[in-house]
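Both of the next two complexes hold subunit A, though its partner changes from subunit B to subunit C.
And now, the complex of A and B:
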């Protein structure tokens, strides 16, 4: 027991203390300045609404999580595949890369109505929006990973007459794994944002609603306490996805690469 | 040499254009005009016509006011901006005023140009649906977080109706016979008809949910501290509305200028459709904009029914009628 606490304690105690200080400061600032509840709620009010609406909040978080995870996994698969294609020839890369950047810069608000027109309302459209938002970091990171292999190692493979396929499998891919993990971590956070934005436009308002719907619902009612609770839920979801991806990344790195120091 | 000439002409042209675009020179008068801001809840449309009429016809100026009308758009926080005094006056709907007061936003309604709510659900005529009660087996696009929708849910069964968010485009409505969407009666149905659809309009006010619309609102403190100013703004706005309903042409031209999205034809249709909402059932023009406690009470009860208001909220605090009553009808 003591051993367990000694390990976890130093990691857990500082953020917990920081959290308590922030809560206290928040409460005092709102209370002393008599800030109206439509601007900033008291932490206690947020906690109360979390308890009152725990069922709605957890159900909405679950629905958003489903869309975010699906979109994220698709992004990793599509992004990695695209990067493989990019890594095969500089000509391909030069021809297609500008269009990958297009993904990053396209204003999602502008294309959301199109996405709904093409895919209809509901889960599939939310996932499409999520992929559009979270795909780019995977493409860039993995492309860099596949193409930035050390010159000496490449010469070594060439000297031994390794085929293009062997070079990809034995040299480029292991080298790209840390980059994939980095890209995926960025992408996991964006996937939550993507799912919520997707729900703004394409989600269902009746049943199966997600956090995006709760955001609109609470701002329509000027319920800042519920809005805060929703934001906290989505932040927790983002942190959980990030932690999960990081953990999976560690496992991958341990297996695929010789050194773990990149993690 | 040539580039310089070009540069000069561009410069001159720019200066010229800027000159054209700016407001007409204020007439040299010894009287100082009081600067006032009025923030709209949407892009300038027929539902704001009366306020623009007061500006264009100089009614604000006659009261010694220099009013700047700020166009709004989706999600513009009117109640919050008025409650924090970032803007002095705003345009909002009655349900938003009550919901705001419930969250300690001291916003008070002064004038209710649209007595009847223009809120409607638009269906295809071919669907055979003629009443809100008949809405079933279809997709309904409606804004999330809107009070009317929550109230509608308590009043009709909406059997097998898929509710989806309304993103502001009628494209899905146009291509799907089995699709319904929200709208304002003077706007979306007009657009749908122009695009070749044959819409049928179901008014939400028919189920009794009928908040005053395009209300002139201000902060409670402004009413007590600057009573004179508030009276002036209400008086000029009311004149503007009375004039707009009778004589909308020049005002529509101005609205078209500040919001080119609205063409003259849409605006002409809009003002025609707005007329019976402002002056329903032979209401004489000199009563334009009046508010009654019964109406506020009824709306407050409906919002309490859907749990949007606390039980102790008093709707009598949400509006101030004395500035309207002080004006003899013109």
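And now, the complex of A and C:
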């Protein structure tokens, strides 16, 4: 128990203290300045709506999480495969990279109608929008990982007459794993944003909704307390996804870095 | 009588400025055979008027002539940036000369497990996701050796370099700088190379560790003779290890002097306190200073 606390404590305590300070400051600013509830609700009011709407919030968070996780996993698979294609030659990279940047720069508002046209309203379109938003960091990170191998290591493989396939499997791919983890961490946060933005355009039916729908509904009704509760749910979902991906990355990179030293 | 199994030659015609490997062009094969017939049979590395330039830059090496005998230990000494490492990379086949001729002839041997060359880099260049044993095993894996051969060779290499069996399961991050360099040396030796190329392998180590590894390297070289070409900018190290020290100048790099080292093997650590050793170090250092002044 003590060991567990010693490990987690230094990570958890500072943000918890910071959160408490923010809550206190928020409460004092709203209370002292007598700000209207529809502009900025008190933390207590937000907490109250969280309790009242806990079922709706949980259901919406779950639906958004499903789309975010699906989109994120597709991004990792598609991004890794694309990076593998990019790493094959400079010519391929130069030819295709501008189109990868397109993913990063295209306004999702502009392509959302197309996505809905092609995939219909609901889950599929939300996942597609999530993939479009969260794909780029995986492509760039893994491409760098596959192509930035130290010259000494490349020379070592070349001198031992390694085939292209051996170099890829035994050198480039393992070398790219830490880069994949970095890209996936960035992508995991973007996936939640992507899922919520996707729900704006291609949301579920009113009896089967996600956080994006709740954001639209609460802002339309000037339910700022519910809007705050939805934003907090979104943030928590993003943090959870980031933490999960970080943990998986930690397990994957155990050989590279910390675990063996601790052992 | 030393026989030669295989030779590789790279010749460059200045007017066309391209190099080509011998075994791809029949004319070059004939030239190789002619060269083998005419050259002394115990010459392993032969370079004549060798030069290299990268794109439009000034040549890194120019008019470089060099001969290294089979099973000889030669040190290449020069100041930083004089092209020592580039020369080593060319001999290893990792860089192509833009002028002159470079021939590397490998002696025939009974053992099919031997490789032509091993290379020890300035950095250990270990794969961090592999254990010590798996790092040492890598050249055998890449060349498709059987699992049994791999196991035996790795064990032999670990013993040769003085690593305990328990060290084999550690990851590179768990090792000190000296230990990592030992693993790198073990990996270069695992295929029992006929030519061992060492590119300032101990430059990043402290002096005591460097001296210890120098002594270990000499011991290994005496137990398992091979041609060794050792690049360094440390004068005492060059004198302690080698039979000949080749001093390089720079801009462009070329060998300006070859100094015979008269000490017999085995060489003990006490040699470093011998007045004659100090005199040789002084002589080589003066020669090196003249190249930069």
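Note that in this section the second predicted complex is superposed on the first by the 239 of 263 C-alpha atoms of A that agree within 3 Å, B and C clash if a C-alpha of one lies under 4 Å from a C-alpha of the other, contacts with A are read in each partner's own complex, and residues count from 1 in each chain.
Everything that follows uses one rule, which is that a contact is a pair of C-beta atoms (placed from the backbone, for glycine too) under 8 Å apart; a residue touches a chain by one contact, two chains touch by 3 or more.
Predicted model, so just to flag it, every value in this text is computed and none were measured.
Asker: Name the contact category of A:15: first (subunit B only), second (subunit C only), both, or neither.
Answerer: neither
Asker: Given the superposition on chain A, which partner contacts more residues in subunit A: subunit B or subunit C?
Answerer: Result: the larger residue contact count on subunit A belongs to B.
Asker: Quick check for you: in the superposed arrangement, does A:107 touch first (subunit B), second (subunit C), both or neither?
Answerer: It touches nothing on subunit B or subunit C.
Asker: Between subunit B (first) and subunit C (second), which, if any, makes contact with A:159: first, second, both or neither?
Answerer: In the superposition, A:159 touches subunit C alone.
Asker: Check the residue A:171 against both partner chains and state whether it touches subunit B (first), subunit C (second), both, or neither.
Answerer: second
Asker: Could you look at A:117 and tell me whether it touches subunit B, subunit C, both or neither (first, second, both, neither)?
Answerer: The first partner, subunit B, only.
Asker: Is A:39 touching the first partner subunit B, the second partner subunit C, both, or neither of them?
Answerer: The first partner, subunit B, only.
Asker: Determine, under the contact definition given at the top, whether A:98 touches first (subunit B), second (subunit C), both, or neither.
Answerer: So A:98 meets neither subunit B nor subunit C here.
Asker: So, does A:200 touch the first partner subunit B, the second partner subunit C, both, or neither?
Answerer: Only subunit B is touched by A:200; subunit C is not.
Asker: Determine where on subunit A the residues touched by subunit B overlap those touched by subunit C, and list them.
Answerer: The answer is that subunit A has no such residue.
Asker: Would you tell me which residues of subunit A are touching subunit B in their complex?
Answerer: Listed in rising order, the residues of subunit A that touch subunit B are 36-39, 112-113, 116-117, 121-122, 199-206, 213, 216-224.
Asker: Any idea which subunit B residues touch subunit A in the complex?
Answerer: Going by the criterion above, the answer is residues 75, 79-80, 83-84, 99-100, 102-105, 139, 142-147, 149, 161-165, 167-169, 171-172, 175, 308.
Asker: Mind pulling up the subunit A residues that touch subunit C in the complex?
Answerer: Listed in rising order, the residues of subunit A that touch subunit C are 150, 152-153, 155-162, 166, 170-171, 174, 177, 255-257, 260-261.
Asker: Can you list the residues on subunit C that touch subunit A in the complex?
Answerer: 89, 92-94, 115, 117, 119, 121-123, 125, 127-129, 138-139, 141-143, 170-171, 173-174
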